[in-house]
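Chain IDs A, B, C and D follow the sequence of writing; residue 1 opens each chain.
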Amino acid sequence: MIKVAVVGGTGYTGVELLRLLALHPQVELQAVTSRAEAGTAVCDLFPSLRGYLDLAFSEPDPERLGACDLVFFATPNGVAMTLAPELLRRGARLIDLAADFRLRDASVWEQWYGMPHACPELLAEAVYGLPEVNRASIAQARLVANPGCYPTAVQLGLLPLVESGRVDVDTLIADCKSGVSGAGRGASVATLLAEAGENFKAYAVAGHRHLPEIRQGLSLAAGKAVGLTFVPHLTPMIRGIHATLYARSASGVGDVQALFAERYADEPFVDVLPPGSHPETRSVKGANACRIALHPLDDGHTLVVLSVIDNLVKGAAGQAVQNMNIMFGCDERSGLRLPGLIP
Amino acid sequence: MIKVAVVGGTGYTGVELLRLLALHPQVELQAVTSRAEAGTAVCDLFPSLRGYLDLAFSEPDPERLGACDLVFFATPNGVAMTLAPELLRRGARLIDLAADFRLRDASVWEQWYGMPHACPELLAEAVYGLPEVNRASIAQARLVANPGCYPTAVQLGLLPLVESGRVDVDTLIADCKSGVSGAGRGASVATLLAEAGENFKAYAVAGHRHLPEIRQGLSLAAGKAVGLTFVPHLTPMIRGIHATLYARSASGVGDVQALFAERYADEPFVDVLPPGSHPETRSVKGANACRIALHPLDDGHTLVVLSVIDNLVKGAAGQAVQNMNIMFGCDERSGLRLPGLIP
Amino acid sequence: MIKVAVVGGTGYTGVELLRLLALHPQVELQAVTSRAEAGTAVCDLFPSLRGYLDLAFSEPDPERLGACDLVFFATPNGVAMTLAPELLRRGARLIDLAADFRLRDASVWEQWYGMPHACPELLAEAVYGLPEVNRASIAQARLVANPGCYPTAVQLGLLPLVESGRVDVDTLIADCKSGVSGAGRGASVATLLAEAGENFKAYAVAGHRHLPEIRQGLSLAAGKAVGLTFVPHLTPMIRGIHATLYARSASGVGDVQALFAERYADEPFVDVLPPGSHPETRSVKGANACRIALHPLDDGHTLVVLSVIDNLVKGAAGQAVQNMNIMFGCDERSGLRLPGLIP
Amino acid sequence: MIKVAVVGGTGYTGVELLRLLALHPQVELQAVTSRAEAGTAVCDLFPSLRGYLDLAFSEPDPERLGACDLVFFATPNGVAMTLAPELLRRGARLIDLAADFRLRDASVWEQWYGMPHACPELLAEAVYGLPEVNRASIAQARLVANPGCYPTAVQLGLLPLVESGRVDVDTLIADCKSGVSGAGRGASVATLLAEAGENFKAYAVAGHRHLPEIRQGLSLAAGKAVGLTFVPHLTPMIRGIHATLYARSASGVGDVQALFAERYADEPFVDVLPPGSHPETRSVKGANACRIALHPLDDGHTLVVLSVIDNLVKGAAGQAVQNMNIMFGCDERSGLRLPGLIP
């Protein structure tokens, strides 16, 4: 059994992680921390877990956390980096679901996240936890940076293209739509039902924190800097990301269906749909899956890729459990055999 | 032209009031106040009003407000009462859309609202602004207490019954469902789309502030204290209240269709539907209307009344404008000829 | 392994049943039938099941179905009764998720469902599949009538009261709110998002088909005919039923918290919440659970019971799997250890 | 007064048109036709109009329709063209809210709409009713083809760019998101709340009927054929279209804010927002407005344009009324002074 703790269990990625861990046959949950809710039973905050989880939130205690095999951070940006060095020293392995270890360049990180990085020396060691790219490194990693939700949907939709040099990488476009759970469980006016319901809008067109993360991943895959326009939108639903990706190729995009099928043939959680499909976000609601469809247009030069995930699962907690499975030698599907909830 | 000011224009009742006032042919809007947003153009906060309103939020200035013919308070509970005495002294008339002047008994008010009342001496003068009950008094009033949203839907659905003694008033039940805009525009976790969407729940079963207000109104109409069970629920939509009302009569409920038709025959904003109807909240979305349907059951003793309003219109801003029309001798429909928005 | 077939797998109870059966460790799914979709891969209609189910819809073949251990009918009302006699004769056991075998009295059934009953002789044998009432009979049954969604929520919320004689059974009220999936997957104007979204309404106040079913169950429990007013409402969400139940007791309701706690102490899927709770439908989204909270009012004579289920799980497919577990001697929780999906 | 008839008043564009016409001070509504609902009071189908409209649906009678000054067709595609020649002959002017007269080339029309055109000889005369382009022609027109919803949002967002030659017109991209009312009021599975709610998907990526319409309009404006990729998406809300438009310029996009401000300076219903804005669809809910924001990116070569409308108003019924105002010499704003409904 893997001894596991969750730091910061009161947000949406936290409760989703608890749902998945509660069902995982190889996991023994030791602690769920929250400074604000310390002492409260987890199930009082999340009655959906009644009967599945019998723990109270506790203060984060480095000694107790450090004694675990694995500590998940489902905290706001900037928290994991303050505890990571000590916990690693004590022998725990870490998966950070926030952004602290996603960018390799500390100065870029500091520019986008607006604070000094507390342990830049760990950035080189941290493994970017996208199993479809870094499976072998994840298996060995002490510290895994779980990818962001948009970056997961966009990278999985573009990787086969940029890895193979099949498209021009200077003019990629990612038009992304997210449900509001991506904004977190904090009190805020903008994501009230009365504000975000029956409404659709773009936001952060001038620059979103996930842009450097996506660019970093795609540039590594392309072997050179990519040019990407990224426009996120808020859509009036709770879960789900839909990435509509546009790529062009002066020489023609070729048989992209075969390209994707081959690239993801052995991936348990990437599902390339038949030609002509339109994946729905609800097909992955609650599921650790990315569904992708390819639409090469009649002009022969333009490709539209549709990529959907549940932002809280393959875009956060599910991917974290998938990383844990890889790190600890479990079947990668363990605890993640959950079809999407339709309707 | 009526010179009008709105104190507290940043909430949902505020912006709805501004929408209605911007179209009102007899109104000249002088000021919209907000301490927090002073200096901001109203349209920067509410772009829907671009082209209709060219004012900036200002600090509430008693002198300027007092020079108006009418001041609306679309503020949180407890604000209007601090300014009311001075503004009345300066000659302005007031309509409070909050609860400060709704209850006649200051001690009951203080118990439910958890603060001392700043001007209990005005409670006797304040007129409860339900035009279907108090039209004549409203016309003369200096100070109108605009009813709450639940109290409007419930009272309009029960008044003909309790006024006529047609039902037993000891066991009335009001099972009410509200859209989330009733909770206001403040940042809060409970009304996030990701919390209140795809979810239904009751709240405050042990006691809601609108309970004493409804009881007061119905007891006045009945000529004796009524017994009412009131259970409010939150439903995953933005606007609308649906009150499902249960009443019993040991002697039989009689021809309630005729009773209601007669009671509301001259009411411009109460619409008694044909027998067998099921009013939809969307039929009054954006409209100053209450639609009512009557379902006497086969047992002859039980009556189900269905009553719907838009909580922000007939349940707040629209009713306030209706009161203004009455107070200033305008056609009661002026500025309120707006059908519901379907779909 | 239990050899199982699903007749009528294209509706919402069908796809939910497939989701649950695909994960069930003791089930071997033999066939999923649909006349309209025969030949289509199940996953083409429901991509959420890709990777979990590798069957195509087939024509219903009595021989093949009769060779199964268990046949679920997730068909419209009136279908199961036409096939039941033959399948029983061939040795299969049946669970009908529709209404064909729910009412004991064929003439009452025919009145409410508007067609002659094809096999009234089976009504006496059929067991009403509410495990909390009929567990022992279900274990032995050849033919189980899976309860309706409203009847499950209402009966579980009232049973301890009527069984114990704690309340007056002549004036029970069930004010129920359902998500739109309860209306099924058929094309219809009334449940379009543009009709049912941002809208709330009551329907069928004059009489709903679940009324005789609830009355039958409660009358059996009370030992006499009960008087129940039942008003269903449509709420703008997909899954979930919230029943708000009103009961009165001339002699006082007593300690209902203890009554319910004791009544459901050994029930794996009924969760009595602490006093003062307000259960949310989302706490059971996708989960086979009924959560109940009790609110005795200050007058000492009125009790409000709040009861929530997922209409497609404890109100349909989950309860059917629970019944299967009981019928075949599996752990009653088998395949049903799934917490609600929050958010 | 303009004598007006509406053919096909039972759909969403129909009821929205009736809402607007009911309030229009220069309109006298003579007839609302529907073969299916002939004899039914309009308000029985749409209770929101109770008190505003006292007509019953009637059979379409060419004589009666032909005697009107103006006939609106809010019918499915292919209906207006069967009646247009006769009604024009009788002296009525026509506005078709469907697609029958939008494309100049009958063979292209027939290819996309899958039926022979009944009166191709009228295509040359028909005026494409986008006032921002064809105001003068509309004023004189006998027959106006009201633009589609997507084409309105996309063209208004791109016209200043292609008219001025400011961007490369070979690689334009329109990523569009629509509320479900765009799919109409017909019974259908795909737009049930239980299907389209909590879900996001692209559709018709291979080719949507609005593509040739947009291409035609932009090509006329550019003076040459444009290359446009158009991907429509369905978003879980009722009203609203959000077009996210991507354009590139090898030579730099220049001061597009000034370009748009000048182009639309005199347009009553196009609102160019300040730099950095993110228009919300709800800001135009129920309003005849198009709000546009411009985001030139840091690379100097890429421009993102955000354009929002209410698909039923500026994208259909409101634009039709605007066209009527132009055709009959009314103030263009007449009957259209309605701010968006927030929240």
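Definition applied: a residue touches a chain if its C-beta (ideal position, glycine included) is under 8 Å from a C-beta of that chain, and two chains touch if they have at least 3 such contacts.
These numbers were taken from a predicted model, which means no experiment stands behind them.
Engineer: Applying the touch definition from the top, give me the chains sitting in contact with each of chain A and chain B.
Structural biologist: Touching chain A and chain B alike, sorted by label: C, D.
Engineer: A-D versus C-D: which has more C-beta pairs touching?
Structural biologist: By number of C-beta pairs in contact, A-D is the larger.
Engineer: Taking CA centroids for every chain, report which one is farthest away from chain C.
Structural biologist: Relative to chain C, the chain whose C-alpha centre sits farthest away is D.
Engineer: Between chain A and chain D, what is the separation of their C-alpha centroids in Å?
Structural biologist: Spacing between the chain centres: roughly 39 Å.
Engineer: Where the CA atoms of chain B average out and where those of chain D average out, how many Å apart are those spots?
Structural biologist: Each chain reduced to its C-alpha mean, chain B and chain D end up 36 Å apart.
Engineer: Could you please state the distance in Å, as a whole number, between where the Cα atoms of chain C are centred and where those of chain D are centred?
Structural biologist: 45
Engineer: In chain A, what residues contact two or more other chains?
Structural biologist: Each of 12, 179, 181, 185, 194-195, 197-198, 236-239, 279-280, 282, 285, 343 in chain A touches at least two other chains.
Engineer: Touching chain C in the complex: which residues of chain D?
Structural biologist: Going by the criterion above, the answer is residues 12, 179-181, 183, 185-189, 191-198, 236-238.
Engineer: Show me the residue ranges of chain A that touch chain D in the complex, using the header's touch definition.
Structural biologist: Those residues of chain A that touch chain D are 171, 173, 175, 177, 179, 194-195, 197-203, 205-206, 227, 229, 231, 233, 235-240, 242, 244, 246, 248, 276, 278-282, 285, 295, 297, 299, 302, 304, 306, 308, 343.
Engineer: Report the residues of chain C in contact with chain A in the complex, numbered from low to high.
Structural biologist: 12, 15, 19, 22-23, 46-52, 181, 185, 197-198, 238-239, 271, 273, 277, 279-280, 282-287, 289, 291, 312, 337-343
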